[in-house]
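Across the two complexes that follow, chain A remains constant while its partner is chain B and subsequently chain C.
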Partner chain A sequence: MIDFARVQKELQECSRDIEASGIRVSPKSDNLGCLIGTIPGPIGTPYEGGTFQIDISLPDGYPFEPPKMQFATKVWHPNISSQSGAICLDILKDQWSPALTLKTALLSVQALLSAPEPDDPQDAVVAQQYLRDYQTFIGTARYWTETFAKASSLGVEEKVQKLAEMGFPEALVRSTLEAVGGDENLALEKLCSG
Partner chain B sequence: MRNQEGPQADEESEAATSIPTSELDDWANFGDDDIMQQQSAIRAEEAVKTLFVGDKEPLSTLAAEYQSGSPILLEKIKVLGEKYAAIRRTRGDGNCFFRSFMFSYLEHILESQDREEVDRVKANVEQCRKTLQSLGYADFTFEDFFALFLEQLDSVLQGNETSISQQDEILLRSRDQSISDYVVMFFRFVTSGEIRKRSEFFEPFITGLTNATVEQFCKSSVEPMGEESDHVHITALSDALGVPIRVVYLDRSSCDSGGVSVNHHDFVPAVGDLPNASGSSETVTPFITLLYRPGHYDILYQK
Partner chain C sequence: MDDCLSSDEDYYYSDRDSLDGLENEEADFQCAPPKGPSTKVITKESLLSAQKEDLRKVMDMLSLREHHARTLLIYYRWDAERLLAVLVEKGKACLFAEAGVKVVEHQDLDSPSFPTITCDICMEDLPSEETTRVDCGHCFCNNCWTEHFIVKINEGQSRRIRCMAHKCNAICDEAVIRNLVNKRHPDMAEKFDRFLLESYIEDNKRVKWCPSTPHCGNAIRIEDDEFCEVECSCGLQFCFSCLSEAHSPCSCVMWELWAKKCRDESETVNWITAHTKACPKCHKPVEKNGGCNLVSCICGQAFCWLCGGATGRDHTWSSITGHSCGRFKAEREKKSERAKRDHYRYMHYYNRYRAHIDSFKQESKLKETIQERVSVTEERDSRLRDFSWVNNGLSRLFRSRRVLSFSYPFAFYMFGDELFKDEMTQEEREIKQHLFEDQQQQLEANVEKLSKFLEEPFDQYGEDKVMEIRMQVINLSVITDTLCQKLYDCIENDLLASLQFGSHNIAPYKSKGIERASELTTCWKANNSDKYLPSDCGASGGTAEFDQPSGSGSSDESGCPLRKRARKDGLGGGLFDLNLPAEVVDRN
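Presenting the complex of A and B:
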């Protein structure tokens, strides 16, 4: 049985210092077992300026068992699956303790964004890129932040749709947009010339 | 083998088809969930074998365990038998020290009805609460665990509304996960708080064990459930609550003089801010005696 009284207290405490931490946790519905966490991308990283949403589901044994956390916002990071958003972090597994909270766990996730551990990867492709071609990694991570983690990134889907409607394959549109840093006109130029 | 449709291959293919091939292709899918699931499966398996806290057994059952084993151990168990009558086993889930301590302590209070001791421990518990607050722990992270432990203390003293009079009842509670785990976690908080409060004292012991800082050690080896305890944990808990603990060591070490002896170590709580006066005090006889075999603690009963 989830200790809902405790979850309630956690939510209160978290909203109290939202100004200082920038960390937000709110219930998805009336059911406190499913929550959404929000963390700002750390300054000085390719995630800066982005707002990342994390799906949280609490197991029956919470707080004895760790909360399940998964990025809902797509993110390019060695310890986060670029496909599923799964996070590789010890405190979400065997290093969890009831002394931790949803807020401290989200702070750790935020710290993970600042300090990737490519030797213990969740996403092997990203980790390889991080180790072998760091500049490209930074570029891709920044692009993903621009595309998926910013309010204006809603526009990207529209751009994709617009270009796809012109008859270009959607996958090609996406990769081209990615390659030119999200500029619609440059992408169109490239698509036409390619 | 490859033909999964074939009726012959039914048996072999069952295992393979139970995992969708797409998952096999993607190692990223073997993530936290799978690891957690495996862990809980292992725990469930262990749970069937041993209760959190077992029944009292005569010491002879310990000897039976080593019948075909090391002669030194058998010899030592014989020596143990001169002073100790019985053993109570605990589950080997990494929380055995804390669970042994919980049961032994509550059992002692139930039998002795020592109100002075309870008042003393309660005062120490309040001190621990302040320690955690000053270390920056949010109240809601530990208050439930504290409340549940204090409830257990009250219930073993007679004359309260919620009193229990039977040892069986402590046993039931120690075996009830919703109580037992909460008390274990209470001890983990107390232990962690004490170590961090006196980090200068504990630092050399911790750096001897791992490369971690005191804070890292507490986060990774004290506060998570299932992390095993050693002398650092025992010293800290004994000091924080002011409860002496005797640990009797049963291992294969022997002395050159030929004779076999069983070593024990008394953890005697510090007074005030003085470090734990381990073993130096002859006047204090701990009422809690634990049997340590490498990696595990059980409860011992004197004759």
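Presenting the complex of A and C:
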């Protein structure tokens, strides 16, 4: 049986310092077994500015068994599956300790975003890119953050349309946007200079 | 001839001596415990004492409590020598830290200053008596601990349950686990104890379960070389390394491949490819039993043997009406040639392997016949009294047959393409093969001779003739023994040693046959076996096998003083309470 008293306390605790940590956990429905966690992309990384949602489901043995976590937001990262959002993180597996909480686990996930471990990859394609062509990796990660993790900014399609209207070929616009990580202004600069 | 005879006599007596030695093996081992090949049988009953013995070494060496010693040994897979090496190399602190052992210089016992403690797991405030502090100093409530332990036991982690605190590497005190779990799930506590006990077998490279089915409940412990063949007290002989039947001089890899090859139908399939073609209509394989290239299937369909295509029925010897395939299918031809050759090669080795196995089975019946002949001859009051030569000869015959039969699968792989294609040139291979086959044939010839003499109805012969047979049997026994040894040497030194890829090891040749593991006898057992069973912690359904005195009487002598003392003290099962640290047990 899930220890719901503890989950309840965790939620309260988490909402208390939401300002400081930026980490939010809220139930998906009435059922406390299914939750949604939200973490901000760490500053100074290609994930900066993004808000990432993580599906959390608690096993019956929680907190004695680790919570199951999976990115709901698409993210480009060597230790996170670009397809399914599955996370490769030791504390979510054998290194889990009942003394950890949802908040601390999410903090660890956030830390993983800043410090990828390409030698222990979840997504081999991303990991290879990270190791062989770091610049492209940064570009793609930023582009994915722009595209999938930013609700407020313009969607990619709108940016493409906007730039295409300025008279650049659409295909070129797309590739340039991707190369600069989705930044509209940088893309324009590049398009004009190239 | 005289020379030969005397040497035979020598052999004869020495063989008898050594056989005597074999019977009294156990007594010998007890006289000189650390020496000699001492494969041991560990039964359900002696498992605990076997474990204790190793624990004691480490406890004495490092002056530790039992559960700490167990944690260390489990971490180092019961390899006390490696543990010692780490101790010397890295020091005690590092040794302990890596294995998760925290030895406390007790902090003020359960800090009584706080009446309530907040458990970091359930986040409740609880009276301190409902919490437990473990060696590493972390304290949580009993409920949470229990939950944690149960989850870990169910996950099969009993042997290394860590503290609940994040990044705390310490292994929890087994007594704490046992007590807490026992309160809620006594069956689970039992399971936990069993896991700890069986760790000695499952985490230990020197110990393996006997592979008998139905399982005899025993495990076998070897002393040094894992490439050896053993006999469990249940009578099963097996290869310790791969746990399949004893197969030397075949290596484990070879034997596995061979057994699989014999089991599945791959060779039948090969034969079918080489000799048949599928009917184009009903797809049954059709074998051509002569005649021209127009073949008709039992379903009535005619087809061309050369190309497999359906045809009409009119034909001459060389052509079929309205059909000209003409094209020579070189590729297919080659493939079927190859399959035919491979199959032929396999059959060659298989037939010989099988033949020796069959002879062995036939000869097993000989044993009874020979016993009868012996008793008949014995009644005929003659100067022939001693018939151990027949039995010795027969044992020699069985052992040599075994060697011979397994030498065929060995040769199949050693000189085939499957395993060592790139290891040697064709020339090298031929030279080696000749060398090996030479040895093999010599052995074969002598084994057959030995078999022939043993089958003689010596009870119907006169004394002189019997004496002659006796001499021949003794003589041939020595020769086959030497030849077996030579064959093993050849395999080990000339054939396997030079291989570069893959390691193939074989169990050493044992002139006296596969060694039977002896019962493990320790002071602990002599001491406690009678107390152990009732309080049996987990070795469920243990039958009272241990009642049989293990081997010879000398175990009594060695265990005597201790046993007496233990009985007097009458600890009432306390000795086997895993809860008690060993020091306490000792003091008692």
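Just so we're on the same page, the second predicted complex is superposed on the first by the 152 of 194 C-alpha atoms of A that agree within 3 Å, B and C clash if a C-alpha of one lies under 4 Å from a C-alpha of the other, contacts with A are read in each partner's own complex, and residues count from 1 in each chain.
Please note the rule applied: a contact is a pair of C-beta atoms (placed from the backbone, for glycine too) under 8 Å apart; a residue touches a chain by one contact, two chains touch by 3 or more.
Source: prediction; values computed, not measured.
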Quiz item: Superposed on chain A, are chain B and chain C clashing or fitting side by side?
Solution: clash
Exercise. With the two complexes superposed on chain A, say which partner A:Cys88 touches: chain B (first), chain C (second), both, or neither.
Key: first
Self-check item: Contacts of A:Phe64 with chain B and chain C, given as first, second, both or neither
Solution: both
Practice problem: State whether A:Tyr134 touches chain B only (first), chain C only (second), both chains, or neither. | Solution: neither
Quiz item: After superposition on the shared chain, which partner residues are touched by A:Phe4: those of chain B (first), chain C (second), both, or neither?
Solution: neither
Self-check item: If touched residues of chain A are counted for chain B and for chain C, the larger one
Solution: B
Exercise. Scan A:Ala124 for contacts with chain B and chain C and give back first, second, both or neither.
Key: first
Quiz item: With chain A superposed, which of the segments 5-13, 23-31 or 167-175 in chain C collides sterically with chain B?
Solution: 167-175
Quiz item: Where on chain A do the contacts from chain B and from chain C line up?
Solution: 3, 6, 9-10, 64-65, 97-100
Self-check item: Residue ranges of chain A touching chain B (in the complex, touch as defined)
Solution: 3, 6, 9-10, 13, 64-66, 68, 81, 83-84, 86-88, 90, 92-101, 122-124
Self-check item: Footprint of chain A on chain B - complex, ascending
Solution: 26-29, 31-33, 35-36, 39, 137-138, 140-142, 144-145, 181, 185, 188-189, 192, 219-220, 223-226
Practice problem: Using the touch definition up top, name the residues of chain A that touch chain C in the complex. | Solution: 3, 5-6, 9-10, 61, 63-65, 91, 97-100, 104
Exercise. Can you check the complex and tell me which residues of chain C touch chain A?
Key: 120-124, 144, 147-148, 150-151, 162, 164-168
